[in-house]
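For reference, the structures are reproduced in the following blocks.
Note that chain A is present in both complexes that follow, paired respectively with chain B and with chain C.
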Partner chain A sequence: MTFFLSGCLETVNSHIYFSERLTESYMRSRWLPPLETGIDTRDQIVKKLGQPSGTFENGRIYSYRLIINEWKEGLSDNMYSGYANAYHLQSEILEVVAARRLEQIEKDGFLLVVTDENMEKHEKEVILSMGEFHLVLVFNIDGVLTRDSLIRIRP
Partner chain B sequence: MRRVTPMKGTKRQEQPLTLAYAAILFIVILVLTGGCATPKIKPIDKMDFSDRLQFLINGTTTREDVLLKLGEPSGRFEGERILTYMLSVDDKRDLRVLPRPLAVSRTDPRVYELDPMVCSLVLVFQSNNLLEKSELVCSGDEPK
Partner chain C sequence: MRLKYALIFLSLLLSLQGCIYIPTPQHALLKGRGMIELEDTQALQVGVTTREAVLLQFGEPDATLNQQTIFVYHWTRVQGYFAVGAGYTGYGGPVGKTTLLMFEFDSQNLLKRFEYIPEGIFNSTMEAAMKWASRGESLR
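Up next is the complex of A and B:
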């Protein structure tokens, strides 16, 4: 059935499709709380985002490994196998399938800060997430945010 | 004492056996050395790739600059003196930072996303947080 349908329906390159949509600006506007340079303190950042994934230079620099997690209830082993098997086959996927996945991200997604503590618990979701970003925050000697950067890791 | 003499044709029978052993030995060696074949690993000039790494200047670039440009490193050693990043190089010679678990798990399905060339960027910092030296070591097929 899928074979016959795939002949009629449009396919898209998965990487390009998601790269064009899950951008840094999309991440900032849709998922990140507003970050105010020169105003936000380290404590305020922790209230907004939680504990960082990593710290550098005695806490002067925070790094957040951010995942858009589409699976509120987590992924069962069966679901994970299904997604994982499809994962490397999907350089070209049906556009409707890609669009459905974006809808799922919009509907059920939430921002997850991956830390060494929760990595094991969320490993499956982290591996299969379509969106991974690193947020790096630099604080001054008074603990006020001075510089920030959002780097897209995936797609 | 009864002398044992080789039967006629024994030598001729031994010859195919010896050949068979040699063939088996050859196949075993081939398989073993195939498994141990050294992958193409070589240092690469950072400037050969996209401008993503051109900000790395010894004695000038800070650890802060590196983190702001490349994100969280895949590894850190000797405290934070040495940071490492796993990078993938695509056909357009563009570099991208790889997600961390890829550095440790080959069962991760995302390995199928890997470009033909995978690199380790090793950055060493001085005590004043300035970059002391950097090295990019790659394995796999260099993009044309």
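Up next is the complex of A and C:
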């Protein structure tokens, strides 16, 4: 069946497919809590997002490594191998498979802040995540948010 | 040392008779973060650009050295494919090229130097980064 359908099913480049859909604006509107420049304090940010992945210049700058984790129960080694082969060794994948993954994100996904503490636990999910973003937050001397930047790291 | 490399080369030559390597222009990301393009670094100015600006533009570094005075960003892209065949079996896959983008900041948190460096064949990413960092120390 697969053999016969192979000429009919459309394949896509997974990097392009996900990068077109997992945009900064999608991430902000769908997954990030609202951040209020000039109002939010460091403590309020930690309440919204949790502890940062990194801090710089004595806590004046926070960084958050963000992925959307679609596997609530984690990934078994078998699942990991299957996905790794599908998404990393082959850049061309079936569009229907990629679309299903995005549906899964919408249904079960949650924002995960990757830190040194939880990296080991979530390593497989991080490697296979469809995208990774970094949120960089700058605070003033009073600990109030003054600047923020959301950067797409991959794809 | 030369003899060692000659022996390695000779043994590879003898054992990999069914090996083929197809070089390609660098393309898909194999590992790490997305590539930071040269044009993205063109606005950076030594002595002017701050650590804050680098973080806001490129995100959290993959590693830091020397109390965060050095930032390391790195990525691996496909630069070719190899295939090894023997009898009725074979194996193939992409060959990656790792590049590092290094930044050093001074005590005022201003950019002191930055450079793209290749990982090199015989050293790891962190070894390449530490070598770059120590080169700065010798310049002081």
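By our rule, the second predicted complex is superposed on the first by the 151 of 155 C-alpha atoms of A that agree within 3 Å, B and C clash if a C-alpha of one lies under 4 Å from a C-alpha of the other, contacts with A are read in each partner's own complex, and residues count from 1 in each chain.
In the analysis below, a residue touches a chain if its C-beta (ideal position, glycine included) is under 8 Å from a C-beta of that chain, and two chains touch if they have at least 3 such contacts.
The shown structure was predicted, so the numbers you read here are calculated from the model rather than taken from an experiment.
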item	value
Partners on chain A (chain B, chain C) - clash or fit	clash
Touched partner set for A:Glu123, first chain B, second chain C, both or neither	first
Chain B versus chain C as contact partner of A:Lys107, first or second or both or neither	neither
Which of chain B and chain C A:Ile61 touches, first, second, both or neither	both
Footprint overlap on chain A, where chain B in one structure and chain C in the other make contact	15, 53-54, 56-57, 60-61, 63, 65, 88, 132, 134, 136, 138, 147, 149, 151, 153-154
Chain C residues touching chain A - in the complex, by the definition given at the top	28-30, 32-34, 51-52, 55-60, 68, 93-94, 109
List of chain B residues in touch with chain A within their complex	63-64, 67-72, 80, 96-101, 108-110, 112-113, 129
Residue ranges of chain A in contact with chain B within the complex	15, 53-54, 56-57, 60-61, 63, 65, 84-85, 87-88, 119, 123, 126-128, 132, 134, 136, 138, 147, 149, 151, 153-154
Touch list for chain A against partner chain C, complex	15, 53-54, 56-57, 60-61, 63, 65, 88-89, 91, 132-134, 136, 138, 147, 149, 151-155
